[in-house]
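Pasting the structures in now, so scroll down.
Each of the two complexes below includes chain A, the first together with chain B, the second together with chain C.
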Partner chain A sequence: MGIKERLSGNEAVAYAMRQINPDVMAAFPITPSTEIPQYFSSYVDNGQVDTEFVAVESEHSAMSACIGAQAAGCRAISATSSCGLCYMTEMLYVAASDRLPITLAVSCRALSGPININNDHSDAMGVRDAGWLMLFAENNQEAYDNYLQAMRIGEAVGLPIMVCQDGFITSHAIENIELVEDDKVKAFVGEYHPEHYLLNKDESIAVGAYATPVYYMECKRLQAQAMLDAKDVIRQVGAQFGEMTGRTYGLVEEYRMEDADEAIVIIGSSAGTAKAAIEELRSQGRKVGLVKIRSFRPFPTEEVVKALTKVKSFAVMDKADSFNGHCGPLYAEVTAALYAQGVHEPKGISYIYGLGGRDVRVESIQHVFDELQEITRTGAVGETYRYLDVRE
Partner chain B sequence: MNQIVEIRWHGRGGQGAKTASLLLADAAFNTGKFVQGFPEYGPERMGAPITAYNRISDVRSTVHSNIYEPDYVVVVDETLLSAVDVTAGLKPEGAIIINSGKTPEQLRPQLKGYTGRVCTIDAAAISEAELGKNFPNTPMLAAVVKVSGVVEEKEFIQDMEASFRHKFAAKPQIIDGNMRALKRAMEEVQVG
Partner chain C sequence: MAYNLKENVMKEDRLSAGHRMCAGCGSPVAVRTVLRALEPEDKAVVCSATSCLEVSTFMYPYTAWKDSFIHNAFENAGATLSGVETAYRAMKKRGKIDETWKFIAFGGDGGTYDIGFQSLSGAMERGHDLVYVCYDNEAYMNTGIQRSSSTPHFADTTTTPVGSVVPGKLQQKKDLTRIMVAHGVPYVAQTTFLGNFQDITEKAHRAIYTPGPAFLNVMAPCPRGWRYPSEEMMTVTKAAVETCVWPLYEVVEGKYRLTYEPKKKLPVEEYLKLQGRFAHMFKPGNEWMIAQVQAEVDRKWEELLQQCSL
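Here is the complex of A and B:
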């Protein structure tokens, strides 16, 4: 079933937005997410949605407008990339701490400098501690599917949610996609009826209040609890989505991990390239697999630990550097999860790759597996902080 | 077709190489294929060399990298032959298709010893004659389909006619012009 189409990742997200018909969109254009508000504004202009489109003058204002709208009791959305996301950062924290389930589409792009418009995950990773739920997509289909699930997840736990895909690589690539019929989307996403909202004349509430040291930490503890609770919600919504479409989602996707000796942990479009690399290596008898992180926030500690416990060596692939002098942000999460669970046997290395659109080829991933094979064979890890496909 | 056919397009910003790659993806999609159509983005501007890509297959390709060893290369602007290494990685059993009024024999010396098929199509002349303007996309697309066989010819012609009828419902003379350009290109492409 479903509707067979071919759409770019940006078109797919805009299509999902039309199907959902949110109350408010506030956005400011920035490459490579510009097409999302562009397509959506034509839906508004054509009367295909009755969304209030607010053409703001900056991303800071875009998120501020979303906060106001969502606090009033609306569904509010936006889209951005790169320094646009940076410019939103102050308000991202406000949205999360005010417990407003805003939905933000991010077509991930490098940060300056040098100035670069191409893909990496520096923008999303830069706001990873803002308190937002964060889902990542491998391709246009997942960008669309994640978007359809996002509001259910965010609204269930009272947290805003980012739906991320790789700028240009999936946002501007036309690929086959299976769309869900409008009526099914409407039924699946449902209507938004917040328990507390500013425009409720029968209940006066304050949003964004000051909290003294007596209250501040309890607010943060509740935020942390919502993030913990989101794990089960993501699994449940992903399972229900699977019942409707045949495409079931969890917090991670394991690929050929059943008997893998070497594995990579990866986020986004390069997971697809890595799957092709794995198929080729498997045909040569190599036992290799991958763990794709779909939900980065909350971080799927249980799933990652379970998947990696039995491997001999693994590489964590980061499309962003932390500039901490030892590893990328995903590596820090993965190794912390393993250490906390008492798993010390697998040997892990951190690879920084694909920065600023550096093309990630099947051969690039095969090189990583060759390095892992060497680590497994010799037992020597060597340098754990590595850069892939870079001129030294 | 069990394997993935990979195509690389070379054009100049503003000439429509990206659009042509997306049109080919459309045509292949309409005949039931799995497709990818994507440009390589950079700080492009009018006239600067640009590259776009297609992957076309019967099973979905999960690869999201550029294409380095294409089965076919399409050159929308002949002047790129001296500016860009257009045959880099091109498979000898594949072909290069160049928009030019010259013959394959005349162009082969510029192709750095490429041993595979060299095909030329005067898309500009066909477009000028049939559409009155230089819109090389339709004849280029037809030539690519003819040479590569990536879409079945009869299906392709029917599908393109249907999409022109849909797109230009109010301008039937454009539909006829485009269809003539399409069929002429399929007949006139020179393979050397």
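Here is the complex of A and C:
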């Protein structure tokens, strides 16, 4: 059995890092992820890990140093939030293109401006096309569990991976958690044995080529293939993790979807709020359910289509706006997946919610389900691009 | 062992021939000379900022680099190589490797004085055991000769074109070598190609084999940007040194030492006249520009002499 504890999401992720004892961590402070390198530095300075910690002068350098360290033959990790993730964006693309399975913990936070330190998903959504695997957690347990699985997934397909949790809501709130014993973690995560690396005395390699049009597109196609291949890896690793802990993971979590007429699709901590809303509505006889996206990259096309095919209406909840004049980023993914599979019956709306830490209450989610019920009843969708709980 | 040019050039080149750099460019000369200062038995990881050097030496599927090599981006050679060097310490500590590796970064002046400055400063401050070599050709040559903070006063570049109102670059060159000295790192030197290459070779060796961070600023002319005939590169660097436009010195643990003193300090015209980028300074009525440059060079030279005498 695991170890019963009470930890915040940031501490849980730092705890996982300690158990894994990676070779190199390069990080820069930014609210709300700062605690992760803080906790980790105390592990370093107290000899609980023998990781080399590099206190870089920016997030851009954090990711640059991670790229150097991982290419050299090491496991390299970092943690960031918000503008820090923005600032390392250029390097995120390079990490993915160089096929370096770096692990990045993200405590998601709004982007400036106005400057705001609270949670939404604008930072993570802003880098969704950088070529990284992206897992999202509903609570601190999932943040911890996802982190323990991340390196297995990233290293299997040769892609970097982000382990995202909601800033403050998850990162700072202390909850009960079940931890895995150190020896079990070490055995589960295993050692890193790259095929090619800079510090190999028997083989010089060159990393980061200039590629002309003759080669560039093949490079990108291989990245796309790795992302496709990751779907099965995430399922397999999630299943093995379940064998060890009893907590099995896939690309999505379906909640009360078996007979749902109305559903919402959501990412992160608000899934917990939505589950409470669903329980209350279910007690009133309403057939409502939830699809929680755990893996945003790769996008769980098959799972999402399968879950939504039978519903009459659905709302996709985006904690970030694309400012494209019609929908949030998750809505675009979900509806594209449905359209590609020829599923046109369910009526879908896009809700932008929770920006910059705007509180998401049980009633907020119930309001969305009421709107969906009306759409189901009348068959009229109305405006598909909506903001939730906002002063107009 | 005393320096011997013949023996030095007999060492195997660690940057192979066949790369795509221009004839008469100082950059590959700087690279080959610095890498020759490595002891042959030592392994090295070389890092290059995005630059002419990078795109010309590592065009997939070819590489001119015999050592392990990493290019990451324009502005982060310092941070990237500090990651590699940290990995080396981590792997060594854990018994994963036991051989000796050295770490050398190359960046142009754009990638060093300007956009890569923060990354470089961070790497130096953190004390990584690496050498950062700036091959200084005094403008963004890869994108087509735009001014950088290293571009000298009055130089004609594509973003400081000599016009009817503005006579080239209005600002003086940033003194990066001294800024690196101010970081308090154990070894900083300024050098270029002179005579038998003893100055640059010895400085490169000291930079590589001094524990901790080291910075080497190498004047590396660009025939396209500076507008001199390709075969005249060494004439230009010699003139830079003899006029004291580019003094050769090193700073060991904060102590300045002049490594070459011209027998007779030549007037700056002897350097400026060799290059098309300064041609407008020789037009009648523009004598004040040359006078101003001379005054700047004199002031900085005196300052350097004084520091070296302390």
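Operating definition for what follows: the second predicted complex is superposed on the first by the 392 of 392 C-alpha atoms of A that agree within 3 Å, B and C clash if a C-alpha of one lies under 4 Å from a C-alpha of the other, contacts with A are read in each partner's own complex, and residues count from 1 in each chain.
Everything that follows uses one rule, which is that contacts are C-beta pairs under 8 Å (C-beta built on N, C-alpha and C of every residue); 3 or more make two chains touch, one makes a residue touch a chain.
Predicted, not measured: the structure shown is a model, and the values here were computed from it.
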>> Touch test for A:I67: chain B only (first), chain C only (second), both, or neither?
In response: second
> If you stack the two complexes on chain A, which partner ends up touching A:T273: first (chain B), second (chain C), both, or neither?
Replying inline: first
>> Looking only at chain A, is it chain B or chain C that touches more of its residues?
In response: C
> Taking the superposition as given, does A:D359 touch the first partner, chain B, the second, chain C, both, or neither?
Replying inline: first
>> For a test of understanding, state which residues of chain A touch chain C in their complex under the given definition.
In response: 23-24, 26, 50-52, 54-58, 60-62, 64-74, 76, 90-91, 94, 198-201, 204-212, 215
> Mind pulling up the chain C residues that touch chain A in the complex?
Replying inline: 43, 45, 47, 54-55, 58-61, 63, 65-73, 75-76, 78-91, 93-94, 96-97, 99, 101, 118-119, 121-122, 125-126
>> Considering only the defined contacts, which chain B positions touch chain A in the complex?
In response: 22, 25-26, 29, 34-39, 41-43, 60-66, 68
>> Under the definition above, what is the set of chain A residues touching chain B in their complex?
In response: 6, 32, 117-118, 138-139, 166, 168-170, 172-176, 269-270, 272-273, 275-276, 357, 359-362, 364
